[in-house]
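Single-structure report; data block below.
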């Protein structure tokens, strides 16, 4: 256990948001500056460390922290290509969301508690991303549940506590199923380390029955957070949370943790070949495609803006599951790159929804007439995000849908194209009316709860610039997809290593 | 009547009385009477132990088990009797 | 080298005597005694860590005649937990009792209870264990009835009578063993039992009598009726000691008899009965905790459930041949017991603070208090997560290894029990925690009453962080495979 | 000698069973305490029966010491139980009179 | 269904239940007796007797039971004194003592002034004789306790015991001396409660004296039944003549000695 740079970095990355978080809890309520300083230093420090990590992994260096919490049970934080993708996504978006949250919660109560749990959530997400074996994954997976519960219930209103209770019921049950599956797998194969290409190929055929049941348990556990259809009920309910929570956590961190878990289990535990043989990929693809369609249909019926975005998240995340369930490197690239693209697009949409609610008191789509005139920049960012979601070319969403389509064709599953086409139509179905209302409808007589900020622009700086920045990210990820450090290139690198090309 | 049979008869009488006292103490519902019988049982038990050549323990049982334990129980029995008379008969005592 | 063994028992006893004799100095002397005993326990752990099992024949007589004091890995781990929890409870108690009479009564009885606990964990002689059990039972019942209100006295009277019955049944078991083997020392008896299979009937009867008596005192399912009222009506530091330590000492004795003395006759079939009762205890206890109106009643029923978990290990231990797998199971059992000790003590101390602050502990209207005391609510949250078995707590690893052992030995049904128990536990813990999110004005600072909240927080933190992330040393302390061995 | 040991031991066990029965069946506190004392006396009697080694050899002192300790423990437990019962009775009277 | 019917059914169910319990316990008793017989004939007959007698000279006392109590298993006796103290502290924590009995009449007072000193002297004798003949700390302590009980019955609410402060020291004496002797021996390297043969007799006697006082005071205080009343509870003079004529006291105090109203 020699502690050198390579074995310290992953651990330090997780700690870089955990320690400020713990201190923030103890910060007195009225010392805002100290709290903001702690928050931002944590975010920036993590960003720098992740930068170092990306550079190291790009050169092929191995980063691994191993802590033996009990004989036979070791906590492993290993940075391979797949984990770096998710770590970068969550670190970058965490910095932006912190800035947004500081602005959003300007006059609200219990902020020490909020930011304390906020940092715990991020360190849990980073822990999930960096976990090197199934045990570490389960541990951070449960800590994420614990850390997000207080955030959902932050407002304290009866709906908030009710929503939090539903969220908890789903995620704890899911976590428990995952735990049972992980223990069962551990008894069959010994410590379950994530190794590219999977570790279960050499198991005797007699165990395959148990492996299928275990996959069922793991999928159920992960499916709760990845909001696969029967288990997605909590996501719309947890929209009662403040905007920064629903944007970072319910659009990026929590939901992606589930999808990331499915990717890990399929690629690094079962291995794509074995999963294909056992027919697990077929089940996964059916579930994913059903969720895609079902989520989009329900999104159309929702009048609440955040509820509509929530159901859109339910369907979008299943693209990743669809990508992993199709046999072939191209589909994998599509799925993985969508992990990043969906993140940046959805966070933009939720930032804009937060702006509308905070500045104009607009919460429902029906109230969004003429919003474009009153808040042009925010609505522009919203448009870029929405078009990206639909899959219009210059924006990132198109890239992942394109690769998913190609992957489907390559894997001989032509029905994938049908699914993609219908979902694109449905996306258009629930996003375009919003854009039409925002830009082309006349201004209403008065806004529900207008709030004038003294800034030159349409709303407070801290609320306005984050969505604009993430919108620019969507454009960059779409236009410069072929650039060396772009999400697409990184996804291609992962696919190569997974398939051993 | 040989020495041995005499001894067996003696043991038999000792044990039978012991068990009889125990049964009586357990079965009598009236608290004071039960405590009296229990004190008698304690004393008889120390007699039996003296027979079994355990003088120290016999003395201790007589002094502590039957004596002090009995005294404590007697006080409790009198208090139990007093409250039961007070609750049902309005208590004749001042 | 065996001095700490004796000091662990003599120091609290001496402290109790001084506190009784000088009631005006009760608090200061009490804290001094608590600190010295805790340091003796730490010294004991250090000695056992280096030299392995300690063995001392009191009075220098040979093995059959004298009373043996023995500290092996299991006993030392529990002594260390008991003393650290005891220290936390003592610090909490300095600020808890304000009524002069209560202070004079609490400290002597508490130090006597502490001496009995240490004496029981370190005893190696069957009759000495009987005397320790009696001292434990009487001190605990007397402490429980400290408040003097009606239901506390009634509950503790029932607890005392039940405890006496348990001890007498245990004593009859000892009488049978003494008749058959002619010695009272645990080590010699174990050799005797192993060497005489023809006395199976006597051994089985003695085991049944002793384990039944101890199960009564450890509140195993059907015999748990006395626990909830007794623990819920006691003052907070006392109920913390009762739930975290006293009940666990009785379980430790059952484990000691089960693994050392009656090992040849406790096969899987025999182990199935306590495990089934344990499983029912888990479900029943958690269900009653979910429906409890009062916070301390909830914690008491949760103790009944957690004790149930510990009994689930017995058939697994019986079914696994000696080796790293069995070491892991034994260590997991210890880890669950230790984590429950710390977590339950932290939970009760925090609940006590909530009760003193709110004037009552009805869960449904605890909202305001939970928000005004952030540190206390945080302590409840941490210890609650340890009670549920969520990572990173010690009981998470305990449950992981329990399920692993259950699947490995093919007794998969225990996994269902553990899952149901965990779900019910999370339901009743989060029912309490959801009170902490209301519309009350925000508290200005995190810690409101340091002397009470710091012990509760540290105990809860130990159960979550320390035992969760660094439980490797427990394996070495138990002398099982070296820390990284079983990978 | 063996028959005497067995005879007295059996009597002790009968006392144990009798006390246990009474403890389980009778509800008033005083009868439960008497039952407990009789069960205890039964077990102590078994110890003394084991210690008896005929009229010639001196008896085994260890069980004697154990029983001595047991008696004092039993009496202290009984004292506490009786006083708890008394305190309970007073508390119940207060409730009735209030 | 009228009350009496349900009551009779409940009583009937009760009777059946107790019968069932009785039968099952009888079976248990029979099984235990049969196993007891097997255990008896298991041939461990001498048990610890011979070893105890063989080691007796080294213990400093010739009465084997006292040797076991205060030398071989001294730790047990220490803990048992702690049990007695714990029980008493429990009684004290429950509340103040009940009101004492009325001052005894002339005959009872006369009897008490004879019996109590006799009990104390016999206790002292038993304590001393314990070294080589049946007797010892417990029996002597019991007699002192009995003396206290009789004094209490004769009207002294504090059962002849000093004030609370002094009582606390006397109660603690037994365990304190025992532990200090043990720790002292440990400090001198002999080991906890390991008496060096030369001093064994005197150490045991010292411990026995302390234990006797502690047991006597504890048992008397237990009979008082609560925290000792403060100095103001002394019975005043005019209570003397208010007494009716008291008959000679039998072990069971006659109704004449009813508690003060």
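As written, the chains take the letters A, B, C, D and E, and residue 1 is the first residue of each chain.
Assume a contact is a pair of C-beta atoms (placed from the backbone, for glycine too) under 8 Å apart; a residue touches a chain by one contact, two chains touch by 3 or more.
Everything numeric in this text was worked out from a predicted model, so none of it was measured.
J.: Following contacts chain by chain, what is the lowest number of steps it takes to reach chain C starting at chain B?
T.: Each step joins two touching chains, and the minimum needed here is 2.
J.: Can you name the chains that touch chain C as well as chain D?
T.: Both chain C and chain D are touched by E, going by the contact rule given at the top.
J.: What is the identifier of the chain with the smallest separation between its Cα mean and the overall Cα mean?
T.: That would be C.
J.: Going by C-alpha centroids, which chain is farthest from chain D? Tell me that one.
T.: So the farthest one, by centre of C-alpha atoms, is A.
J.: From the C-alpha centres, identify the chain that is farthest from chain B.
T.: A
J.: Compute the distance, rounded to whole Å, between the mean C-alpha positions of chain A and chain B.
T.: About 79 Å separates the centre of chain A from that of chain B.
J.: State, to the nearest whole Å, the distance from the C-alpha centre of chain D to the C-alpha centre of chain E.
T.: Going by mean C-alpha positions, chain D sits 14 Å from chain E.
J.: Indicate the whole-number Å distance between the mean C-alpha point of chain C and the mean C-alpha point of chain E.
T.: Chain C and chain E have C-alpha centres separated by 31 Å.
J.: Which parts of chain E, given as residue numbers and ranges, touch two or more other chains?
T.: 32, 36, 40, 45-48, 52, 65, 72-73, 76, 80, 83, 86-87, 90, 94-95, 138, 219, 222, 225
J.: Going by the touch rule set out above, which residues of chain B reach two or more other chains?
T.: 56-57, 60, 64, 68, 72, 75
J.: Which positions in chain C are in touch with at least two other chains?
T.: 65, 127, 131, 134, 138, 141-142, 145, 148, 153, 172, 178-179
J.: Return all touching chain pairs.
T.: A-C, B-D, B-E, C-D, C-E, D-E
J.: Which of the residues in chain C come into contact with chain A in the complex?
T.: Of all residues in chain C, those touching chain A are 324, 327-328, 331, 335, 374, 378, 385, 390-392, 396-397, 399-401, 403-404, 407-408, 415, 419, 422-423, 426, 430, 434, 437-446, 468-472, 474-475, 480-487.
J.: What residues of chain D sit close enough to touch chain B in their complex?
T.: My answer: residues 4, 7-8, 11, 14-15, 18-19, 21-22, 26, 28, 30-31, 33-35, 37-38, 41, 44-45, 48-49, 51-52, 55, 58-59, 64, 67-68, 71-72, 74-75, 78-79, 82, 85-86, 89, 93, 96.
J.: Can you name the residues of chain C that touch chain E in the complex?
T.: Going through chain C, the ones touching chain E are 3, 6, 10, 13-14, 16-18, 20-21, 23, 56, 58-62, 64-67, 101-102, 105, 108-109, 112, 115-116, 119, 127-128, 131-132, 134-135, 138-139, 141-142, 145-146, 148, 153, 172, 176, 178-183, 196, 199, 201-202, 205.
J.: Applying the document's contact rule, which stretches of chain A touch chain C when the two form their complex?
T.: Against chain C, chain A makes touches at 25-26, 28-30, 67-75, 109-110, 112-113, 135, 138-140, 142-143, 146, 149-150, 153-157, 160-161, 164-165, 168, 172-173, 175-176, 179-180, 183-184, 186-187, 191.
J.: State the interface residues of chain B toward chain D in the complex, per the touch definition above.
T.: 11, 15, 18-19, 22-23, 25-26, 29, 31, 34-35, 38, 41-42, 45, 48-49, 52-54, 56-57, 60-61, 64-65, 68-69, 72-73, 75-77, 79-80, 83, 87
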